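The letters A, B, C, D and E name the chains in turn, as written, and every chain counts its residues from 1.
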Amino acid sequence: MVPLPYYLVLSGILFACGVTGFLIKRNVIAIFMSIELMLNGVNLSFVAFAAHWHALSGQVFVFFVMVVAAAEAAVGLAIIIAVYRTRETLNVDQVNLLKL
Amino acid sequence: MIHWIIFVVFGAISVAGAINLLAQRHPINSALSLIAVLASLAVEYLLLGAEFVAAIQVIVYAGAIMVLFVFTIMLLNAGEEERTRGSRVAILFGVPGMLVGGILIAWVLLRYSGTQSVEAGALPGSPAVIAPLLFHDFLLPFEVTSVLILIAIMGAVVLASREPSPPPGERGRV
Amino acid sequence: MSTTDLNSWILTLITFIPLGGAILLIFIPRRDRDIRVFALVTSLLAFILSLHLPAHFERGQSGFQFDVNAQWIASPNIHYHMAVDGFSMWLVLLTTFLTPLCVLISWNSIHNRVKEFFILLLILETALIGVFTSLDLFLFYFFWEATLIPMALLIGIFGHERRVYAAVKFFLYTMVASVFMLAAILWLYAKVGSFDFVMVQDAIRNGQVPGFATAAPWLFLGFFVAFAVKVPLFPVHTWLPDAHVEAPTAGSVLLAGVLLKMGTYGMLRFNLGLFPEQSQRNAPWIVTLALIGIIYGALVAMVQPNMKKLIAYSSISHLGFVVLGIFSFTSAGINGAVFVMLAHGVSTGALFMLAGVLHERRHTYEIREFGGLATPMPIYAAFFLFIVLSSVGLPLLNGFVGEFLVLSGAFRARALYGILGATGVIWSACYLLWMYQRVFFGKITHEMNNTLPDLTGLERAALWPAAVMALIMGVAPLIWLNAIDPAVQNALVPFGQLAAKAVGQ
Amino acid sequence: MTQTALHLWLIPLLPLLGAAINGLFGRRFSRPTVAAVGVGFCGAAFAMVLFVLARFFALSLPHIETYATWLRAGSFQVDYGFYLDELSMIMLLVVTGVGFLIHIYSVGYMWEEGGFYRFFCYLNVFMFFMLTLVLAHSYLVMFIGWEGVGLASYLLIGFWFTKDSAASAGKKAFIVNRIGDFGFLIALFLLIKHFGSLTFSQVFASISQLPVETAGAGLLTTIGILLMVGAAGKSAQIPLYVWLPDAMEGPTPVSALIHAATMVTAGVYMVARSHLIFDRAPMALTVVAVIGTLTAFYAATIGMAQTDIKKVLAYSTISQLGYMFLACGVAAYTAGIFHLMTHAFFKGLLFLAAGSVIHAVGGEQDMRKMGGLRSKIPWTFWTMTMGTFAIAGFPPLAGFFSKDEILWQASRVNMALWGVGEFTAFLTSFYMFRLWFLTFFGEYRGSAEESHAHAGHGAIHESPKIMLIPLVILAILSVVGGWVNIGKNFEKFLEPAFRSGSTAYTLTESAAQAGKAVGEQGSTELLFTLTSVLAAVLGLLLAWLLYKSHPELPAKIAAALNGLYTAVVNKYYVDELYAILFVKPLVEGSRKILWQGIDQGLIDDSINDMADGARKVSDTFRHMQSGNVRSYAGWIALGAAGVIAYMIWIALT
Amino acid sequence: MSAEVMQSVPVAADYIRILPELVLTIFGVVVMVVEPLIDENRNQQTLGTIALIGSLGAIAASFYQAGYPGLAFWNMVKVSNFSVFFHVLVTTIAAIVILTSYEYMSVQRIRAGEYYGLILFGTVGMCLMSSAMELVLIFISLEISSISSYILAGFRRREASSSEASLKYFLLGSFATAFFLYGIAMMFGATGSTNIDKISQVLASQQVPVLVDVGIALMFIGLGFKVAAAPFHVWTPDVYEGAPAPVVGFMSTAPKAAVFAVLLRIFFEANAPGRIWLIWVSAALSMCLGNIAALVQTNVKRLLAYSSIAHAGYLLIAYATAPDLGISAAMFYTASYAAMNVGAFAVVSHLANAGERYVTLDDYAGLGQRSPILAATLTIFLLSLIGIPVTGGFFAKFYVFSAALKSNLVGLTIIAVINSAVGAYYYLRVIVVMYMREERESIPVTKIPFALGTALIISLAATIYLGVLPGRVLGYAQRAAGELMQAPASAASVPSVTAPK
């Protein structure tokens, strides 16, 4: 009998970890992974809420999120590759031509 | 009771994995720890009865997507990330902001999202019950995702494909 | 068509003929002479048409005339509402009168990008006329803003060395200021649900505007700031000298001749018309600013090394008279104020033309560059003297009538106002005569001045009308005052009521 | 209003027409044509005046003609209109008559000058405004003339505009006059405010209802004093006299016409015209009297030490004007006007004669470089002698009668005024004879021959007929001019113009009447007369002593009372004083403090600083765009925290 | 279940109600199919034309669609005047952008097939956003539009700046999306539904749980990011600078419009509580940051980026006002903003020339002489952006401000008015440079190609039309707003707020 909030808090923690990752990681790919982490956090709360409300649409939503995540992954990694081609680096701190 | 144990254990694993993801300096390790997170989340899904979701979580997410990641990492043979200090803002404002936000949300969730528990498999999300939703109620989104995928493919093609072109401006009219 | 249906069309025609001309001008091939001629014809046409106004204007009658009012936009409820009364009619004529002169005076002084120049000039004329004719607050605001762009471009493109700075300064000053007016207008619209000046006025007078009492001071200020910058009143006047010095002659003429009047006209029409109570409450400090403007402007003008700057500051001084007159709330004062607007338009316009003539020959406005010019160019000197006298306020010339009325009005309102204002009589003599002496009298100090050619036919053609007008306005001001006075009495009605209220309490 | 139309408007407009013709086309005319036009139209005006005079006694006075409304605002209205009564009649005669003569004279005097047409154009313009001034039926119309003559004198003083001194003199005249006009204007505003009109008839009608302001200064006193300020400006009284000496930069006929005969007397005329106001404002009258007396004396003292023949005459003019104000100040307006007339004759004469002298010695104006001209230019000498004796006040010449009348009237009010007056009379005769002796007696000290090179003809010579004729006529006038008042005819004639409900000096008047009654009045008057004659004679003797018999003395005396002398020679340094007190501070203050300080320093800089401030802020905002993704994420996270916190706070409250 | 089984297949009407999307998709596919079949140097034009036809078809479809209002696909989409408005807007933008791209494509040598394809597909997403009634669908379509713009931003692949822009946009974009998603999760958690109608019913029925507020907050973060509202605007300047000019023209208008539509739905139809101050602050921040930061910009694209932030701020004001005024005002604003901004960027992209070499203010010096037409056009757009009367920009601001005043948001209005005055300065700078500075080194100006010309004319016409006769568009917007308010939960009106002390 795990109370619902616990799931939610767990998801929250994961989400927070994702945010932190985005903030502190330098490697683009790692940052991207942190985003995935955030998405997963969200997914968890979807499923949890779905269970809470007995509404399957939550689970369906998760399904769609995964699709989106997949798409994003494809595009994102492509972009990363493109950047890598032009800049020879994966360190976001060094990807700052555009500023001011 | 058993639920408790499973929840705690895998919850712990996922969190640990998440933290490890942050801690690890080599992206490949991060990727692996992410996989761990995903896998343990799949278990949590099962615990909540979302069988179908759990399945694709493992197949699509932990499987396909992460493979993509690993592949990229290999392709670009990304090395250890050097801890350049490019951004003070992120540390000075970002992290505290994140903490505040996170704590607030957590607090709200604990305080206001009701306390009733969900027993295992509360809402059995077998493919059998998901399918009608997916192909009936959510037909349109489902179809639209195809466009999404299409775009993703195009994007990948455009961006990742090498430029077989002479230097710029040569054919550029003036 | 018969005059009656012409009456309903006339304002539209006058307003938009220049614009039409400008649009046609776009398609005229770039043969400068044709362009000039066309511009001249257009502006003359507008002038001739505008003569219809005084011809068919019913003196004696105080209300708006030549009224045309049609729905333009349903929401917001904007009407194409144009009409003139004694105040605005003459300002319209002033505009149409000055523009042809501007065309003439720029005939040779503008060599390159002639087309753009005259297009902008004509657009500017339309905008200016629109400001004076439109009775719909929105329409008014539109034309008000519309004057900004062509003027700024005229300064910025055809001006002299620091033209960009001047243009930007001009634009920003007036733009920023007019934003407050916009805010006020929006507020009024939000509460009254109409932009129509008359409706708004009635609504206010009948107290049908919720929350007016509390908002009134701010609304008054909103309008006032916009106008004060345009006038320009003392602390916010610094854009004017720069704008003038850099502007091409025609630009200066219209700027001093008409644009500044937009400000005073606005005060008269909107600040007095919509917020009599506030006007009275704020009069003291406004008048103080006006007086400062009169004296300060004159004194600063006196020490200007640059002819155009001098004239610019003199404008500040003269416009001070106008504001003084308006906020004296006496019939003499307001009559005078309106008259000063017109007189100043003519004489200062002419002064700028004259300065332009000199600049065309020597490419400088520095007074010390000249001296003894009366010998090589006697006719020019004569014109200059005549205009100087008219703006010094010599009786029988246009300058005197307005100033005298304003001052007597101010004096009636409060002796001190009149006295301080009257010192302006001395100052103006000082700076103008001194300037005149330095430029025209004495021995010729610079070689090249020996050979300066006297006025050309075109220049005379541009200057004669101004001079004659200055004389007529001085000798027979009644022609103007007849039409102005009823409007003044009309404007003063609420103040009478206020006074009555004050007595009642 | 007009019972029988006299077409008074023709009088001023004829000269204006002349001016217009000469001004517009004069450059293409030959000199004779120009002269003909200029003199002709002025003469026409004179003829018109005579025509009016012929009808004058048939009129019911004052005869008012209004032509059109000039301006109107609300209830306030001013018409173009003319006002003819004895006073304006006299003025008309003087102005047109003397003016006509001087026009004629100018033809000869200016013949060689460039800008001949300009000169006559200006002269006619002057005539127009002057006539408007004297004919005006309301203060504002008078103000037209008032300002206009100022303009004319500005133009004529600066006639030789290439001379900086001339140009400056013209400007100075105009501006100083403007200062006077300032007072005048304020007076007008007061009149408008309290009487709602500026028309003489209406203003006076309402004023005659008011009592005499015996107790302290009231409205009328204020108005009176302000008017006096105006008058002081126009008629060169202390403290605004400074422009008149400089005005001598103008051609001599101008000095004669404007700065001796007519314009400068406008102030007197105006005060006389407003006598109703002054009659009810004793304090104002006192002010007028005192200023007049002081000016008379003060100017005379300066006159003694001047060496420029025209300057001497200029100061003497100021001093004589002082007499006129003295007269007005004691409410003896007739006497004032009487002196005004005679002064017009002999001072006009003196100036023209001086002009003739200057003409003769080829533009030399320094008396020390003259002398012994008696034989060389007899006509000039004799006419000038007439003038000199007239102004000195030798009976039975014009000056004697008028001045005597003034002093007599003054004595009846206040002996101090009389005393100063008498002494001034002595000084007058002294400096005039000084001039006389220096110019015509002794031997020639100048160097006319070479100085003649430019003038273009031979040695010192008599002026042409056309210049002498006016001289003669004026000489005759300044001899006989005074006789009109024998048997008080002149006074009787003018008297109705100065009728007024009450007079400030009713008491003295009555006393005088009482005196008359006793019958000793005749004897006292005779006594006074003798005194003034004595003063004149003394002046003559002293002048003879110093400048004829013992020419070396003046230097000694000058050396003796050095400080005083230099002070006098330098006109008490008043110009310098004004320069230091007013002009400099004004100009420098305006430049340093107002323009560079406030305008550029305070306002513009603060605006620019604001702009810079905005730019700085903008720059800091720009640097938020560090270009680093993580920083951006940081901002977003921060914002997110804010939003979340806020929303939760909202939800819970 | 049975009821649904009754009609378990979508009927024809359903397809009509997604007709524009269908048309776009089809043409997108056609473009991609055709690309390989025709030779390199002609395909630019052809593909462009196909895409253009597609977008025109979509416009037609949207108008046609207007005749069939109602729900489709089991409450997934709801066709209403509201949705039609945004459909037309977005598709028109797409059409104009395609026109602008013709020249750009060939100059920059960008692969046309994918380019046009992405634009069309992206448009599909945007269209769906405006008609979607289901958070799932909103999410997906949002992703479609975002991802396509990520890719488009990186299309100048030779320039490092472009791919960097793409990366930044992508990373931050998905970062924000995660927040948005989390928000949805919260809403779902609070109401147990992801259907907007249902949500609004629930919210109307019961007293609003805290989770909803958190949800709103998180969603606002996500959406605020997309519309570049402070403090989530940071990405804008960089991305706009790096991305290809026409693309910027596209993504600074079309997706924004769509997202604003979503915001409208969520805020008004779902009647999100306690939003006003959120908007208040965000709007004020956006205006001030945008305008002030733009003052010293010398790169025109960046400058316009900041201006778009500022405009997002003005637009957001409408969301804090009473619904009956706010919605129509916001709709009108999006329309006119789209018109002028697309136009401006069309000019910019034309001047940018190969490799976007000329995008700094100095390059605009003397444009007045070089090509008066372009200069004049750009001037008009800039004036419209300033908000000078008889341009769309004026009425856009006007409606928003007066709506704000009517809702007693005096303080916010004053801030906005002052800001628009400040904003005038940097737009003016561009005009000044164009007309009053002499150009230093001569910069080539190619003659305006037909396609671009038409694009310019259209957007110019739109700008002026909205400025002279805003009546019809506004009227339509008001009707749409009315319908939106008919939604069940619309009863609750907005509490009026006064300016902060």
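Heads up, the rule we're going with is that a residue touches a chain if its C-beta (ideal position, glycine included) is under 8 Å from a C-beta of that chain, and two chains touch if they have at least 3 such contacts.
Quantities reported herein were computed from a predicted structural model and do not represent experimental measurements.
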item	value
Other chains in touch with both subunit A and subunit B	D, E
Separation of subunit C from subunit B in steps, with touching chains one step apart	2
Far-end chain from subunit C, centres as C-alpha averages	B
Longest centre-to-centre distance from subunit E, chain (CA-based)	D
C-D or A-D - the one linked by more C-beta pairs in contact	C-D
Centrality ranking, top chain (CA atoms only)	C
Cα-centroid distance, subunit A relative to subunit E, in whole angstrom	25
Mean-CA-position distance for subunit E and subunit C (Å)	44
Separation of mean Cα positions, subunit C and subunit A [Å, integer]	65
Rounded Å distance between subunit B and subunit E, as computed from the means of their C-alpha atoms	28
Where subunit B touches two or more other chains at once, by residue number	86-87, 90-91, 94-95, 98, 101, 105, 108-109, 113, 137-138, 141, 145, 148, 151-152, 155, 158-159
Set of subunit A residues in contact with two or more other chains	8, 15, 18-19, 22-24, 26, 31-32, 48, 50, 52, 55, 57, 60, 64, 67-68, 71-72, 75, 79-80, 82, 85, 92-93, 95-99
Sites on subunit E at which at least two other chains make contact	136, 140, 143, 147, 150-151, 154, 157, 159, 163, 166-168, 171, 175, 189, 210, 214, 237-238
Chains that touch, pairwise	A-B, A-D, A-E, B-D, B-E, C-D, C-E, D-E
Subunit D-facing residues of subunit C, complex	235, 238, 296, 299-300, 302-304, 330-332, 335-336, 372, 374-375, 378, 389, 394-396, 400-401, 404-405, 407-409, 411-412, 415, 418-419, 422-423, 425-426, 429-430, 433-434, 437, 440-443, 475-478, 481-482, 485, 488-489
Subunit B residues touching subunit D - in the complex, by the definition given at the top	86-98, 100-101, 104-105, 108
Residues on subunit A engaged by subunit E in the complex (per definition of touch)	8, 15, 18, 22, 28, 31-32, 35, 38-39, 41-42, 45-46, 48-50, 52-53, 55, 57-58, 60-61, 64-65, 67-68, 71-72, 75-76, 79-80, 82-83, 85-87, 92, 95-99
Complex contacts: residues of subunit E adjacent to subunit A	135-136, 139-140, 143, 147, 150-151, 154, 157, 159-161, 163-168, 170-171, 174-175, 178, 181-182, 184-186, 188-189, 192-194, 237-239, 241-242
Interface residues, subunit D side, partner subunit E - complex	614-615, 617-619, 621-622, 624-625, 627, 629, 631-633, 635-636, 638-640, 642-644, 646-648, 650-652
